[in-house]
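I have placed the structure first, in the form of structure tokens, so that the comments after it can refer back to it.
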Amino acid sequence: MAKKLSNAQIAWRAAQDLPDDSYVNLGIGFPEMIAKFKPEGREVVYHTENGILDFGEAPPAGDEDWDLINAGKKAVTLNPGASFFHHADSFAMVRGGHLDVAVLGAYEVAENGDLANWSTGPGSVPAVGGAMDLVHGARQIWVVTDHTTKDGKPKLLKKCRLPLTGVGCVTTVYTSLAVIDIRGGRFVLREKLASMSLDELQALTEATLVADGTVKDLIVPEI
Amino acid sequence: MAKKLSNAQIAWRAAQDLPDDSYVNLGIGFPEMIAKFKPEGREVVYHTENGILDFGEAPPAGDEDWDLINAGKKAVTLNPGASFFHHADSFAMVRGGHLDVAVLGAYEVAENGDLANWSTGPGSVPAVGGAMDLVHGARQIWVVTDHTTKDGKPKLLKKCRLPLTGVGCVTTVYTSLAVIDIRGGRFVLREKLASMSLDELQALTEATLVADGTVKDLIVPEI
Amino acid sequence: MARIYPSLESALDCIEDGMAVMIGGFGGAGAPIELIHALVDRFKATGSPGNLTVINNNAGNGAVGIAAMIYAGMVAKMVCSFPRSSDPKAFTDRYLAGEIGLELVPQGTLAERIRAGGAGIPAFYTPSSFGTEIAEGKPQAEFDGRMYVQERWLKADVALIKAETADRKGNLTYRKAARNFSPLMAMAAKITVVQASRIVEPGEIDPEIVVTPGIFVNRIVEVANPAQEEALLRGGAK
Amino acid sequence: MARIYPSLESALDCIEDGMAVMIGGFGGAGAPIELIHALVDRFKATGSPGNLTVINNNAGNGAVGIAAMIYAGMVAKMVCSFPRSSDPKAFTDRYLAGEIGLELVPQGTLAERIRAGGAGIPAFYTPSSFGTEIAEGKPQAEFDGRMYVQERWLKADVALIKAETADRKGNLTYRKAARNFSPLMAMAAKITVVQASRIVEPGEIDPEIVVTPGIFVNRIVEVANPAQEEALLRGGAK
């Protein structure tokens, strides 16, 4: 099997697609890493659910102000032009369609765009945060994820089995093996690792990958 | 017929009932006059629909700032502790039950508390402003009005004939002849001019006035 | 992302025939007079944009601002709460002649419908207007023993608003009661055009005092000493 | 009308067994630690107030703040969006043992429900949670070709919030992202209790920068150098 991308490499690849002049929400955890790889010169303003627009990188250790955090409760800094607002205004930005992109992690993604990323079912403590709002708010919903589960089972499915976060919401999936757009209820393969055949990729994907002859190589730097 | 109260005297009488430590909205026109007669030492904060809390008197002529106006588009000033906010927050204060009293004018009031004060029916330009929000928001809704129309017809009715502003909303009516509370779907007479008999007052009132033996004289100063 | 425009005309070139246009202001406070009159001038010169639906609390006063739009014949319909003013002739004459439409909305409902449009809330319930003719034909429901009327969100193609200070990223502050509907309209329009008395660099407005975050703003044009509608009217403007 | 209280205890004497209490803060930012711990102390000393429903975005972290309330046994139910934290043991253990209730609400819906409670909007429609188990049993409706879920307002008996500056009339400002849910909770509670780092005279806060107008505030107590929950936790507080 081909060497898959690291999380940093997945984040790098997603970052290359950040639109210029855009407002973006990066989900807590893995998606947050995308900010590090934003291409030079591209103007992106980051939104966080807890009421900041245009925050910047983490401060040096020891310089944290714990009243200045992102939704993942990590300390951040402010860029010039930042603003504070309360939670209802923050989710007005989300729900009202004012964000260009929101990026989330996933347990499962279905070919119709359904996303499951909040609950592994009974027996755990459920926690949804802002994900159910984000998936119905931003104009594009990206998922960054390993292509398969830890034990090699597909995460890109015909139909989600875990409790849903949102219905028909995901627009693009950046995985450790491929970049896949969701169009017309199908997984449309945009890029895949050159070292891997389409059949090999399909074998790790439950739903059919539509490859229409324009599939490009997924090329990322060593990170 | 007894000498009726002037508008200033009606406003004076209503002002005596302003609760201490209260938030009050005075409707545009006649109700605005109440502020002039607020008893000394009573703490009242005035709200205006267009986004000011704790505004004060009109500035001297020539000193007006036309960005600092009340809902009647009259120039006002600010008291220490004033604040500005947008229209949705302003009506959150209204609709959310945060005002103690709102005072409005009336074409008609019914004994069940229905109010008609916005439309004289077809043929005119309808204008409702904030009245329909105020009547369902403030804890008490007071009406200040002449007891009868210009041609002597009752304005305090069994049932309103003009288009309604609100249903069952009025709590007290301060008229040119009496002070009347609305309780249990009845006009309960609290005060009347001493110079007028109950029968005389009833003759100018379509619905029955309930006078339970505690009716006081309506006494106001010359103004 | 907000952009600075070099002229009123260029900032307004997104407005086309038949659009819904929210215009900030309550009475004269907050009325973006220069934007409005540049739009009137364009209509007089080119015949466009006409057939507009204008959303504002009022329906014009005297012959300036929205009244000038009505006199010019570019307004097909007003959505407002209070189409009266000290001199409402522009609207009143056309309304009584059946030449202009009116959707009358209680003021708090108007504000909340605009906020809902900006916040992605397609409908909400309010006690306002229950039992009145304004509620006729609208869904009604009981919650906790009280009756409420369902109201729908209100959006627009463009919002024209007046700010005191704008930074280059679109963050805005307002002046006193000129704030009124403008922060809501900025949220509810596809394109928000701002005339600001002053444009500053990002960071010059304290993040704590930003009223409208830049995400809600698209176009900014500087109008350094803006006219105030009420002052114009009292000065005898025709 | 807002009143200044001389002590945390006196400011909190309105809280009784079984009440619904909104508590400001997102993570540690904005958590009114001194108010919370005074309430915990009262419960430990007197056994009251217990059986509380606590509304907050989270469900406690470590052993301070809301986690201390849970450990003390005074919380019957949490209403929150994200009952996880770096150390969620206080809540998790009791939840998995069936000893504490949980109403899980998507974060934006939680914020909007609280705002609706404060704004007199008994119900609204949101796209959030449509098609998920969170939406089960709730009315759903189609608007403009898209499906939405009806959500109800959320109110509370008391809100406990932390402000940066309060004037004696109750006008508040917040510090950075410590703002979060607090301005909404101040609107939605019958009694809003504020711990402010600084109390000033009316007029000392510019009317343009007031975030929570005094009409939403009832009780203010000064806590001059408030603890910050996250800083406490990282400092090893138990």
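Letters A, B, C and D mark the chains as written, and numbering starts fresh at 1 in each.
Just so we're on the same page, contacts are C-beta pairs under 8 Å (C-beta built on N, C-alpha and C of every residue); 3 or more make two chains touch, one makes a residue touch a chain.
Note that the structure is a prediction, hence the values are computed from the model and not measured.
Under the contact definition stated at the top, the chains bordering both chain B and chain D are C. Relative to the C-alpha centre of chain B, the farthest chain centre belongs to A. For the pair chain C and chain D, the distance between mean C-alpha positions equals 34 Å. Chain D has its Cα centroid 30 Å from the Cα centroid of chain A.
Touching two or more other chains at once are residues 52, 84-85, 88, 91, 94-95, 136-137 of chain A. With touch defined as above, residues shared between interfaces to two or more other chains in chain C number as follows: 112, 115, 119-121, 126-127, 174, 176, 207-208.
Contact between chains, as defined at the top, is found for A-C, A-D, B-C, B-D, C-D.
Across the interface of their complex, chain C is touched by residues 112, 116, 119-127, 141, 143-144, 146, 148, 152, 173-174, 176, 207-209 of chain D.
Those residues of chain D whose C-beta lies close enough to touch chain A in the complex are 26-30, 57, 81-86, 88, 91-92, 95-96, 102, 104-112, 114-115, 126-134, 174-184, 211, 228-231, 234.
The part of chain D that touches chain B in the complex is made up of residues 1, 115, 117-121, 167-169, 171, 187, 201-203, 207-208, 210, 213-216. Residues 48-52, 65-69, 71, 73, 84-88, 90-91, 94-95, 114, 119, 125-133, 136-137, 163-167 of chain B are the ones touching chain C in the complex. Residues of chain A touching chain C in their complex: 21-23, 43, 45, 47, 52-54, 78-85, 88-89, 91-99, 136-137.
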